[in-house]
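Dropping the structures in below, format is structure tokens.
Each of the next two complexes has chain A plus one more chain, namely chain B in the first and chain C in the second.
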Partner chain A sequence: MRTFLLKRLPSALLVLLAASFLIFLILRLIPGDPATSLAGPDAGPEAVAAVRARLGLDQPLPGQYLHWLGHLVTGNLGPSYAIGGQVADLIGEGLGNTVELALGAVVLVIALALPLGVLGATVRRGPVAAAVRALTTAVLAVPPFVTGVLLVLVFAVTLRLLPPGGHESILDQPDIGVQYLLLPAVCLALPSAAVLARYLGDGLERALAEDYVRTATALGVSRRRIVWLHALPNALPSAITVLGLQIGQLLGGAVLVEAIFAWPGLGQLAEQGVLRRDYPVVQDLLLLLVAVYVAVQLLTDLAYAWSDPRIRWE
Partner chain B sequence: MNALSRRSLLRGSAAAAGLFALAACRSAADSGPTAASASPRRGGTLTVATGIDFTPSLLFAQSANTLVQRLVFNTLTRYDDQLKPQPELATSWQLGADGKSITFELRDDVLFHNGRKFTADDVVFAVKNLQNPARSAQLRSTAAAVTDFRKNGDHELTLLLTHPVSNLFDLFEFMIITDSATVEDAVAGGRLIGTGPFRFGERKPGASISLTRNEKYWNPGRPYLDGVEIRIIPQADSLLSSLKTGQSQLSYNVQGKDVATLGADPRFRIKPYDTGAGAYYIGVNVTAEHVGDKRVRQAIAWAVDRDRLVQQALGGYGLASSAPWPKSSPAYSDANATHYRHDPDKARELLKQAGLGPITLPFAHSATPGDTAIAQILQYDLKQVGIETVLQPTDSPTMQKQLISQSMPALWTLSHGFAQLHPATLAVSAYPFNEARNSSHFSSPAYTDIVQRAWNRADSDSADAKALYQQITDTLLDEEFVIDLAIGGEIEVATAKVRGATLNKFNYLNLDDAYLTA
Partner chain C sequence: MTTLAVRLPLPAGLRTVRGATGITLVGAVVLAGLLAPVLTGTDPTAQSSLALAGPSGNHLFGTDDLGRDLFSRVLYGIRTDLLIGLTAVPAGALSGCALALLSGLSRWADLAVQRVFDLLLAFPGLILALAVTAVLGPGRWPVIIVIALAEIPGFGRQLRAGILVQREREYALAARVGGASRLRVLLRHVLPNAVDPLIVQSAVALSLAVFIEGAMSFLGVGVRPPEPSLGGILSQSTAYLATHPAFAAAPLIAVTALVLGLTLIAEALNEGIRR
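Moving on to the complex of A and B:
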């Protein structure tokens, strides 16, 4: 395994290096630059030149690139240009908030999809079945930016039950934090919950048509027991696969939901970084995402190698 | 089967009820504004909503978010509504007979938040700090006119100037007094240490800034508030919801069309500032094809319907004006504001005189929804007189780079500041109007001469000074390298509970006298 890992590691590092070069280059190709952005609309060329010198942007591009790589290698990501503070702190805080939102959404996805999926598979006719179908279709059809606005309108503006946006850490103040989390998490969770409910319902329906269910029914086992203890465990694996895929989408969707609910996560940080041409923040954030994908790929390769000796020996 | 489903539903409902029960422990949603009483009251935390985050590196520049400047810091003097300087950290001042010096008596009872005493050295540092180009201070040219300092003890200071400066007190309204030892940390995103009514607490970039009452503030009994929470809410609709739900109580970032709807709601108090936070304009690159002829620029000035723009794009909150000055400016006159009215026939006639048939011009604008709406209104107006425009939506950093590098297309629309101060400041500190170098590539010895004469004088309100301001305005209205459209004043939207909040001429939020009613 160690040999296998050593073989894979150089290519992973090469991917990271190539990604860092592309990220650095693409950011420089985007029109506008941090110095003019920071100097403000009424700044003269002298002020812009002074800001550019302070940020080190007057240095040749290869020098700037190496300077950035130096920061990465030493683990000191350095200061942000425009947002303020250290990049590592900004990314750390944003990541924590995004993960908090995504985890809240995952809990809700499971909490909503499980009963809806079971209902969809067990109640085939009547108003409940129609309601479940209509609900999942509607939730899938309405984009999160519409759902978000509607949720704010109903629960924050009209009923005044929950805050319309913002963030309080759920670890620091659980009772307040959960209120801030609820609306964005619901907004983020609804489409994924609808998808998962449908997959779960279909899987459960297939499981309920199996011979062992008929046998269990003939033996007098209660319907509830058959559904929850026999059919559902057989329907879960495919639903879990779908849930895994949905988690990736949740992280992507968080960018939009963060904007609607003023949730200070990675999505907002990336948006602010790009809008203000905060090169260090955007560079490090994008490279972090690439690194995550590379790491996942590496772990997947390792898992395959662990499970199949032929791959190890290739 | 159905019994099972009902149970599931009941359990689901119970879980949902549980969540709401948890939410009911302490509410993060405000119960909303209540009936207000008018007497000042100690205590409470004011929550201010803003669409734009504070940029630490722009601490010494006028930027889109200048809320914290006057909360954490003080200035030497502050303007009243008539641009008359009033004491703040300076108790009195004496201008030299030749206008080339000014002597300040400073307060001797002021402490920085770190406990250090405020002295004349802090004023010396503040001026030198603004002279540093890296601070991006728009009033750097005025600060640079100060060449020497003479201290007489710790609380008397004379500034020596190279020449008389008519906008000297604009500098003292603008210049915050910071703790010299921590200023580099402050611009890098660290703590801000000043002498102001509130101590800098915690900043969560992109989310919030919290400030707590300075118990040792030099102004007795002030501030009334225990703290201030500034919430960053970039989405306009979310910011509006935050106000409507009572989560925030004060904002200066509500868009004009939304202000109009809140204005009819008794829970809110709307206060437009006529100081002119910014003026909307069409910039013209005079080196571009067709628009080098000032008759074409004047035709554009006649072609645009400023009143429609104010109504449709600014929700009625603004002053249609062909000159840059707000009503509070000594350079303002109704005649200047209405010099160009909506007259398409006159515009066509001028284009004819310039020998032009239908023309097409590139027209850049900021890609925000508000600025796009303004560009589309202007595009329609120009089309009526035979000027087709190709809109170029551009993001803010790109536009700023083009502005500063003088690479704008033939036309663009943006907003400018600095007309709310003494008129010389506009021509020496606002880049679009700068006589030495501007985005329009406009230069004229006559314009430079007038600007320099208006700036290099000690008095700013005399008849002679006002005559010079009028000459500046006449030049601007004749040359039209900046075609002013409307003065968009800052609009304060506050719940009925909030009293006493004010802005200075640079939009620094002043909450010394602010309080929340019971």
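Moving on to the complex of A and C:
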């Protein structure tokens, strides 16, 4: 496992470095000068120049880039330009909420995909199979903002069971927090659950056609035992890879779901940062998202190797 | 063109129940959008004092918070979405295919092109949307550019995979042995045999376009009001879900019919190709 990590880490770090360079460049392409907008409409040229000097924006670009990298390495991210407060605090707060949402969604994805996938592979004909297939097709086809609005209409407006949006910390008040979490997490989880259920169903179907299943059946092993203990472990590795890819998608999708349900996470922070030209917030945030994506990929490879003993950690 | 229609197994796929349902759904929505000027005489941006009214004879779907007729807004919103999709999808498809062809020419180009696809896939799509909008300012063009960028890897990877398979077939090797240049084999022999999956991809891409347009509207960086778009009307309606749920009904139905229909068409075409 150590050699596995040692082999993967350098390329992961290289990706991060390239991403940081790209992010820095893209943000400098944005027209408009943050110093001018920060100094206010009535500020004279001296005031703008003072703001620029204070933020280090008068330095040449390579200097600014290295300065930023230095900040990243020391962990001292500095103050935000427009939103107010320290960048590290803003990101920490948003990250906690987004992780809460994403974790809730991942739990739901697994809880939904496992039974649906098994159902899809074992019941191949009849109304149940058709219903499962229609459900996954519909869930995949319809964009999350449609699902989100429908969820709010049904569960918040008509049935009045859950709040239509907002956030309460699940750590402070678990019973109330979970009510706020449920609708956004379902909305975020549904498409990924459908994808995973399909992959799992296909993999399971293939596994069930293998010789060892016929042997086990001939030996009198029960069908349920064959599905869960013989076929499922063989269908899991590819499903885990798909789950990893889906977790990457979840983080991107969270931006939209947060906007629909007024969830104060990283997505909202990114939206504010971009619209208010808060360079430090946006560049640290984008790099964090790329880093998380890279880390998820790495973990996926590890989980894949763990679930399939034939792959050695080399 | 006729020879193409005979060779392609596509129409057969569309004659299934699934294909016919998809065509009907998409056809109905597209027709409603195309006939918008005929179906309604009301200006979709004309405001009135009659805000948030329910459905009535004058306003088939009611009115929005500014008293604008929702029937004509939804119809013209469909037009906006179709226009955006039919501009952005071909642009993304052509760029993706051009990159795939480039990757078919040399090993180095292939490596570079694959990294480009990876990069486009790795960047969370909506973060890309925010970044592009930050550079260009909100409006119709950033939406089109974001959609086009998002479509590139889908088309590019499909075509690249097709080229890799077809290139090893006997007919391609025979053409190569016969003295045709690498470029000629690629364009005249391999490419025509690798395009079928791209037609399926087009249906998928159109529904992705509706998805991105709507998502950008929800993030406040979509098509700029007062111009109507399906996602724009829907996101506008969310503030009134508790008090005026009818507001959301028409855009919900239009978006759902459109994307569901496109998905059904894509699935039917896919079956047709595999058969």
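As a working rule, the second predicted complex is superposed on the first by the 214 of 314 C-alpha atoms of A that agree within 3 Å, B and C clash if a C-alpha of one lies under 4 Å from a C-alpha of the other, contacts with A are read in each partner's own complex, and residues count from 1 in each chain.
Everything that follows uses one rule, which is that a residue touches a chain if its C-beta (ideal position, glycine included) is under 8 Å from a C-beta of that chain, and two chains touch if they have at least 3 such contacts.
None of these values were measured; they are calculated from a predicted model.
A.B. asks: Who does A:Arg277 touch here: chain B (first), chain C (second), both, or neither?
C.D. replies: both
A.B. asks: For A:Ala156, using the defined touch cut-off, is the partner it touches chain B, chain C, both, or neither? Pick first, second, both or neither.
C.D. replies: Both chain B and chain C are touched by A:Ala156.
A.B. asks: First (chain B), second (chain C), both or neither: which does A:Tyr180 touch?
C.D. replies: first
A.B. asks: Now for A:Thr36: first (chain B), second (chain C), both, or neither, which partner does it touch?
C.D. replies: first
A.B. asks: Is A:Asp211 in contact with chain B, with chain C, with both, or with neither (first, second, both, neither)?
C.D. replies: In the superposition, A:Asp211 touches no partner, neither chain B nor chain C.
A.B. asks: Kindly classify A:Asp172 by the partners it touches after superposition: chain B alone (first), chain C alone (second), both, or neither?
C.D. replies: In the superposition, A:Asp172 contacts neither chain B nor chain C.
A.B. asks: Check whether A:Pro164 is in contact with chain B, with chain C, with both or with neither, and answer first, second, both or neither.
C.D. replies: A:Pro164 sits against chain B and chain C alike.
A.B. asks: Under the stated touch criterion, which partner chain does A:Ala259 make contact with: chain B (first), chain C (second), both, or neither?
C.D. replies: both
A.B. asks: Counting touched residues of chain A, say whether chain B or chain C comes out ahead.
C.D. replies: After superposing on chain A, more of chain A is contacted by B.
A.B. asks: Would you sort A:Pro115 into first (chain B), second (chain C), both or neither based on which partner it touches?
C.D. replies: first
A.B. asks: What residues on chain A does chain C touch that chain B touches too?
C.D. replies: Touching chain B and chain C on chain A: residues 31, 149, 152-153, 156-157, 164, 259-260, 271, 275, 277.
A.B. asks: With touch defined as at the start, can you tell me which chain B residues reach chain A in the complex?
C.D. replies: Against chain A, the touching part of chain B is residues 1-2, 4-5, 8-9, 11-12, 15, 19-20, 22-23, 25-32, 53-58, 61-63, 132-134, 136-138, 140, 188-190, 203-208, 231-235, 237-238, 241-242, 244-247, 394-401, 403-405, 414, 416-418, 429-432, 434, 437.
A.B. asks: Provide the residue numbers of chain C that touch chain A in the complex, in ascending order.
C.D. replies: On the chain C side, the touching residues are 122-127, 130-131, 133-135, 207, 210-211, 214-215, 218-221, 231, 234-235, 237-238, 241-242, 245, 248, 252, 255-256, 259-260, 262-264, 267.
A.B. asks: Where on chain A is chain B touching in the complex?
C.D. replies: Per the touch definition, chain A meets chain B at residues 31-34, 36-51, 53-54, 79-86, 90, 93-94, 111, 115, 118-119, 122-123, 128, 149, 152-153, 156-157, 160-168, 175-176, 178-180, 182, 223-224, 227, 259-262, 264, 268-269, 271-272, 275-277.
A.B. asks: Considering only the defined contacts, which chain A positions touch chain C in the complex?
C.D. replies: Residues 26-27, 29-31, 137-138, 140-146, 149-150, 152-153, 156-157, 164, 248, 251-253, 255-256, 259-260, 267, 270-271, 274-275, 277, 286, 289-290, 293.
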